[in-house]
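Okay, handing you the structure first.
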Amino acid sequence: MSTDIYTQKAAEALETIRSKSPLIHNITNFVVMNNTANALLACGASPVMAHARTEVEEMAAIAGALVINIGTLNQKWIEAMISACRKANDMGVPVVFDPVGAGATKLRTETSMRLVSEQSIAVVRANASEAMAMTTQAGATKGVDSTHSVDQAAGAAREIARELRTVVAITGPEDLVTDGDTVLRVSGGHPLMGKVTGMGCTATALVGAFIAVEPDPMTATAGALAYLGLAGSKAALGCNGPGSFQVALLDALYNLRPEDLATCGAIIVG
Amino acid sequence: MSTDIYTQKAAEALETIRSKSPLIHNITNFVVMNNTANALLACGASPVMAHARTEVEEMAAIAGALVINIGTLNQKWIEAMISACRKANDMGVPVVFDPVGAGATKLRTETSMRLVSEQSIAVVRANASEAMAMTTQAGATKGVDSTHSVDQAAGAAREIARELRTVVAITGPEDLVTDGDTVLRVSGGHPLMGKVTGMGCTATALVGAFIAVEPDPMTATAGALAYLGLAGSKAALGCNGPGSFQVALLDALYNLRPEDLATCGAIIVG
Amino acid sequence: MSTDIYTQKAAEALETIRSKSPLIHNITNFVVMNNTANALLACGASPVMAHARTEVEEMAAIAGALVINIGTLNQKWIEAMISACRKANDMGVPVVFDPVGAGATKLRTETSMRLVSEQSIAVVRANASEAMAMTTQAGATKGVDSTHSVDQAAGAAREIARELRTVVAITGPEDLVTDGDTVLRVSGGHPLMGKVTGMGCTATALVGAFIAVEPDPMTATAGALAYLGLAGSKAALGCNGPGSFQVALLDALYNLRPEDLATCGAIIVG
């Protein structure tokens, strides 16, 4: 696919999300639940948060996508995440995973590695250090860090995707999306996004919305990131800091037109 | 009572809330806790969130109203909800219930039906599908959906209130409040309210604030909904999307004057 | 130290927070997690929320400060708080404690008293009634309430700090910070801060950020409160209510320059 095809398909996915309002089942952290729900609503999707062992399977089964985020986890939540994943896998519901804080504590690193190895995860969305923490080859993957060159980062991202056997999105000033072979680079966004909690979690949830309507994980992921990046760039215009940026971002996600996304040129192959 | 009496009494309740700051004990979901607390503060009430089995009875006993919301529940929370309800019932503290997601999973539907049948609930605030899910006569209550005529919806709402033996508020583009006999229709609000998470939960919490100072459940409920609807209409003026709408809504709840509510004409009998 | 030295040191602390981004480990309540994280980010710190028994020690050990807040607690969380405190004490990581709702229920009062007596707490940040609830001498400490004179309040605050054997910050229209001997009075802020949930929790978290870079608890605490008060005063200019105030506050925390803090004159000895 040429580059413009990716943004074109992202625009089509956005239109479909708005017309069909896919249900996105989130098992996510306490810090961002509200932002995540609002970002999904602004995009056009229907968010639901549910984490009880006794209902996650039922909820995952009727969802268009399942989003798992370990930002504030404990043992009970891990069990619910695994039950929900297994059910989603059985039902063909795509699972998107956000390994928040992998590398910071054993609990997070091990939970992340376990989920990715035992379950079928369509996309892992992480920052560079979290992605590296999930691999056994720290050496080979170190280059994904934003202090390295674009080519080094792309190579390292490929290594990570191959080891995790899934599509990996490593977000930062520029986002990389790869299945271990093709690498898509997604530009956009604004430095203020790093000053608002849960922006990465929002990205992950939006990948959930896009993958609910666009079956190709690479296309869905790059599309969601281009959409968030474009909204972020627009939101930053005329805002005064991270408070007003957050408000403007929800407005921008809501108001962004598919044709703006189709022509934004944010996705580049390679 | 004539129609104007309802908005007049709503205005008086709002004044009392602002002068007495009733304590509203919420056992609610993680997604909306912050919004709910802020809406109650903007209204003039004193919110408290507490869910531990070991403290809910003590908290419910000193509250002006107890608000139960099952948006993100699990077994432990259900037990705390029941303990708190029982204590509130013993102490004459009115209980308002929000069956978030009833119908979506067994856990939610059964918990909702159990709470309403075992405890004394003053008001159930729900959307149409949640309200229908709580009744055993799906057929008779189907008409409450907003796709049906006003008269069909009113008839179905009455059926639901009779079966649940409580005042029921079914919110949507137009809200219906009924005790199974009289039906009050409350207008106001704005479509953007459906694009912000937790608007229904905010409505339920505000019913808690009003019922803490206005003993008649019908009057308190219709008053709270008229107040929120009026604030929503005002907030929508000049906002750019769901982000700025949320901000403007809190400002509007805070700034709305009792005399504006008294004369808004939002409550109609029948 | 003269008064100007305190704001001068606050300004230096703010600069250090922005350049070093200390990791602040929060075990806090569900209502404010998002606000707390955003306030810490706006200040320049790196917030993390983690509450699982199996990871809190690891997280506390790598943090610049540990912030404990009992706003929505249960037995499991209490155990995690104690484990995290103990580890922080062992590692020399300062602990800041917010006894939300102490006095309202036994669980909260007893947990607060237990934490302060068993662990080494650098600073307790509370409102007057919470601080009084933690002491055994209700009589002696009653005067800390804002209905009493400045001198009575200062005397009562000193008593509380002596009994709790820690620095105590009692916030209200004017904040008092004392180690039982010196009393610092911090002015600033705006009445709208009482209409937004979690402002006290934000204050506590910011004390965590300041104490991570400024070892003297009195200086760090007064500095953090002066910073929040100054940002609150600025945020209130031109805002329309508690919704727009919250947004403006995050912007103000982000934009406030160290030189503004150095010269604000908000801290007075005595």
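Each chain gets a letter, A, B and C, in the order it is written, and its residues are counted from 1.
Criterion: contacts are C-beta pairs under 8 Å (C-beta built on N, C-alpha and C of every residue); 3 or more make two chains touch, one makes a residue touch a chain.
Given the structure is predicted, the values throughout are model-derived calculations rather than measurements.
S.K.: Taking shared residue numbers divided by all residue numbers at the interface, is the value for chain A and chain C over half (same) or under half (different)?
M.R.: Because under half of the interface numbers appear in both copies, chain C and chain A meet with different residues.
S.K.: So chain A and chain B are the same sequence; what rotation in degrees superposes their CA atoms, nearest 5?
M.R.: 120
S.K.: Please tell me the distance, in whole Å, between the geometric centres of chain A and chain C computed from their C-alpha atoms.
M.R.: About 34 Å, centre to centre.
S.K.: Would you mind listing the residues of chain B that make contact with two or more other chains?
M.R.: Within chain B, the residues that touch at least two other chains are 30, 34, 246-247.
S.K.: Within their complex, state which residues of chain B touch chain A.
M.R.: Within the complex, chain B touches chain A at residues 29-32, 34-35, 71-75, 101, 104-108, 195-198, 240-244, 246-247.
S.K.: Within the complex, which stretch of chain B touches chain C?
M.R.: Those residues of chain B that touch chain C are 30, 33-34, 37-38, 41-42, 47-55, 58-59, 62, 76, 246-255.
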